Amino acid sequence: MNEVGFLGLGIMGKAMAMNLQNNGFNVTVWNRSQSKCDELVKHGISIGESPAAVIGKCKYTIAMLSDPEAALSVVFGKAGVLEEICNGKGYIDMSTVDAETSKKISEAIKSKGGCFLEAPVSGSKKPAEDGQLIILAAGEKALYDEMLPAFNVLGKKSYFLGLVGNGAKMKIVVNMIMGSMMNALSEGLELADRSGLDCHELLDVLDLGAIANPMFKLKGPAMIKNSYPPAFPLKHQQKDMRLALALGDQNAISMPVAAAANEAFKKARSMGFGDLDFSAVHESVRRYK
Amino acid sequence: MNEVGFLGLGIMGKAMAMNLQNNGFNVTVWNRSQSKCDELVKHGISIGESPAAVIGKCKYTIAMLSDPEAALSVVFGKAGVLEEICNGKGYIDMSTVDAETSKKISEAIKSKGGCFLEAPVSGSKKPAEDGQLIILAAGEKALYDEMLPAFNVLGKKSYFLGLVGNGAKMKIVVNMIMGSMMNALSEGLELADRSGLDCHELLDVLDLGAIANPMFKLKGPAMIKNSYPPAFPLKHQQKDMRLALALGDQNAISMPVAAAANEAFKKARSMGFGDLDFSAVHESVRRYK
Amino acid sequence: MNEVGFLGLGIMGKAMAMNLQNNGFNVTVWNRSQSKCDELVKHGISIGESPAAVIGKCKYTIAMLSDPEAALSVVFGKAGVLEEICNGKGYIDMSTVDAETSKKISEAIKSKGGCFLEAPVSGSKKPAEDGQLIILAAGEKALYDEMLPAFNVLGKKSYFLGLVGNGAKMKIVVNMIMGSMMNALSEGLELADRSGLDCHELLDVLDLGAIANPMFKLKGPAMIKNSYPPAFPLKHQQKDMRLALALGDQNAISMPVAAAANEAFKKARSMGFGDLDFSAVHESVRRYK
Amino acid sequence: MNEVGFLGLGIMGKAMAMNLQNNGFNVTVWNRSQSKCDELVKHGISIGESPAAVIGKCKYTIAMLSDPEAALSVVFGKAGVLEEICNGKGYIDMSTVDAETSKKISEAIKSKGGCFLEAPVSGSKKPAEDGQLIILAAGEKALYDEMLPAFNVLGKKSYFLGLVGNGAKMKIVVNMIMGSMMNALSEGLELADRSGLDCHELLDVLDLGAIANPMFKLKGPAMIKNSYPPAFPLKHQQKDMRLALALGDQNAISMPVAAAANEAFKKARSMGFGDLDFSAVHESVRRYK
């Protein structure tokens, strides 16, 4: 499977396409705005002029798109994936979408004879660049097995989780836990600061104990300075909290802490911080007077 | 400072007294129930017949008591610390108490000419046994410096945080964050389980990513089996959430996620789980039908 | 406008159709299960054999259906409203649906030349029977004016709220406030009871003060007895909370109290109380040990 | 019982003392700042120069003080109530305090041979002026019976609730429900406004339905204009939420909606609105961008 198509060259997608090309794959890319493709040509990457063109050329095509709308549009739109997908070809959607979107895409691909795998990832820019993503795949097991060489380049670990939809669900459960934890840290930092403690000492103490984790260590120091450079935008984190709560609603699971965290993220959105990093939820906790 | 007194031989205290004795200190212990002292005699540890007796014998005395009431009673009660504390002697309270209790003890000790240090710890049974506690000291800096040899035996790291009360505050800020995180995990496990995901896979995915932390890894597998052997009792965790929220109240900090987490711990208490491990908050999230 | 069609004979719909018939209108009804229609024949009410048949016969047709799915199915389904609606005919949907559903129906009706009004109501069984509903209409003002004689029979007051969707929105805002209030009462009753107060005295005190309201007076006594005969089912109330929170999400409004109330309703659902009255949220607050 | 002492001439106290004087009682007042007393002299009211002086002169003395600290200080302080209270005299504390404070005062009064009644009220400035308070008395039943003529002047209804502490508890349960309801209204108003609805229409609709209540009707219109003239200061309402949650904590009652409401009040305090009316919690919900 040397020939691989790749749709979507955002922050994540570009790093992933480059990793594949640098590790023995011949990659053909497509992106909505052509300019992002042009940068990659010097690395030996080919360009396809539409999703359909990429599918037509490659046996396997990976997509990494920004949201459910983009994921649907690339499949169902004009010159889209559906026009060329057919028996013998595989489509792997690594975008983060909800389970319903994933199922819709799966059914369309399969109705044309293609194979489908959803494979959202845990990890953001840095792990994407370093090939250290965690891949949460679900759908057709045979396709998963065939994709393992590519997944081994892109990530440090991949899981096959069963039915289409399970990858999406696993992703939002993880992000829900992450969102509540970010709120816990935000509240703790503000409480420490206003109670006369040193926030850096708090981070040090946290980092030595049972709840030490890379996220606190990475984002804490910037949060103390009220700096929130966007790695994972707050509005996307809030969307994932909403999807997790909706999943809980379907299953009659009461999740009061996630619900409170979600409202804090909404508060931060209402303050105009939706495009900053999700650690900006700290601003919803801060006392301004 | 070879001679050290030690008051309180609960799970934590016993391990700490043993560590000191095994690492070059001559320890004299007192405990409310005598039997716990007797076990230690074979290790060369001496017994004092009252807190006052221990203080009278030793230049430095450490206390590790179960709650603010016990901490106050040992100091102010009959044959208590105050009866023998005097110029040239140091009293180090490593119990977890609120800042007010700590200040009350500090003032009493100082009024008798003694030196005081509060030094609550982060970490429970296992770190106590392994000398891997994190020590959050505050009060008299000179006493802190004198106690470093003992702290180096008891913990992997110690902090001097300034004024009396700051140790107590740091402790409850850390425990508040921990309590919210435990709720996040509980909700995530239940959501995963009810959505058709494998909870062990969720734990694996968590352990590979940005929010991987020892607590999830340690307690997660037991939680999946609805097993909560008490390492840190839920009722104590809930008390710390309450103290953290009270501290926030004093400083006009709104902490909606901690508040929701606190109510979940109260729900678990109302279900009769106060004496189990604080991971039993999982039961407050579980769907029973 | 003596001739009026009426689709849907649930608890509310039946009472409303009867009121119209008893106050000078000639009503033609349709209901999915025929038996409910038969009961009404003796009162002079006619039966249509399909939604389309009713629309074909009457210039104005009112619908009162259980949820968005039913509302859509009656319009778009086989022998549905769309097959006969045309220029000169009006369709008034009094079901409680979300704004999107209402807009979808509105557009379909208008594309066939018909006139549309959404007109959800505030009030449940008793006000429906007594003609004491509050009618929250939106859509075509001319149709609203023509329907006033019917609205005056069905309700004690009607509002015209502007664009289609506003009726649905007003309804869910009101129900959201109601849902939070019901939680406030539930928590207060349990707190009073467990603190050694008399819950009936609490209800008396509430009824004399600034927050006295008919709902507390009506439902409180049954709640004290843990009795929740369904007037407005809890699962429907929780759905309205969810819709309100979704509306808040779209508009970046953080509503932490409604979110906490929603989780309490979900907790009650998870305990198996979804089909009881929404006052059964009291069970989610009760201490069982 | 024509002769009545009255301690504390705040907004409430002044109105109550005047009502008593105007309805056949001979009132002797004391207030921390003398000037407030002077205004009342022209109405025939006498002045006592200390709490002790008032107690010495009158068989029955009522207190209406701002908070627990003031209530304690007037009893235990220099020239305080305890110096003159004795067998045959009654002391009625109508301040809003927690149950512990009330019990402490009760015990001190009784240890001197006096009779004690706690009698906090439901209602603020206007009902105090109009003699329309609701009186929540507890303590010695004989004293309650003797005070009925005065209570009938001050309030529209009085309750005898049993043991000392029950009056305080009833008051905070009522205020907790009120606080959650105020949050419900605040969230509803903001949601309506941002969703394109008319907030005055929302108030109209609310006022016609099952949750119509005097508070919404009274405060709603000012809230729409973001006006919060202090009738019951937000910081006092938040204190009552805190006391209610503490009472719940003692009894292992989980009250997630009250907890969320409390955090919203704290948010409003953190924004600098503690001295405005408690309806200013609306500002914590408002979207500023």
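Residue numbering begins at 1 within each chain, and the chains themselves are lettered A, B, C and D in the order written.
The criterion applied here is as follows: a residue touches a chain if its C-beta (ideal position, glycine included) is under 8 Å from a C-beta of that chain, and two chains touch if they have at least 3 such contacts.
For clarity, every value in this text was computed on a predicted model and none was experimentally measured.
Across B-D and A-D, it is B-D that has more C-beta pairs touching. The greatest centre-to-centre gap from chain A, using C-alpha centroids, is found for D. The centroid of the Cα atoms in chain A and the matching centroid in chain D are 53 Å apart.
Chain centres here are Cα means. That of chain B falls 40 Å from that of chain D. In chain B, the positions touching at least two other chains are 248, 252-256, 259-260, 263-264, 270, 287. Against chain C, the residues of chain A that register as touching in their complex are 238, 242, 248-249, 252-256, 259-260, 262-264, 266-267, 269-270, 274, 284. Of all the residues in chain A, the ones that touch chain B in their complex are 122-123, 134, 136, 156-157, 159, 161-163, 166, 169-170, 173-174, 176-178, 180-181, 183-185, 187-188, 190-192, 194-198, 201-202, 204-206, 208-215, 218, 244, 247-248, 251-261, 263-264, 285, 287. Taken together, the chain A residues at the contact with chain D in this complex read 256, 260, 270-272, 287-289.
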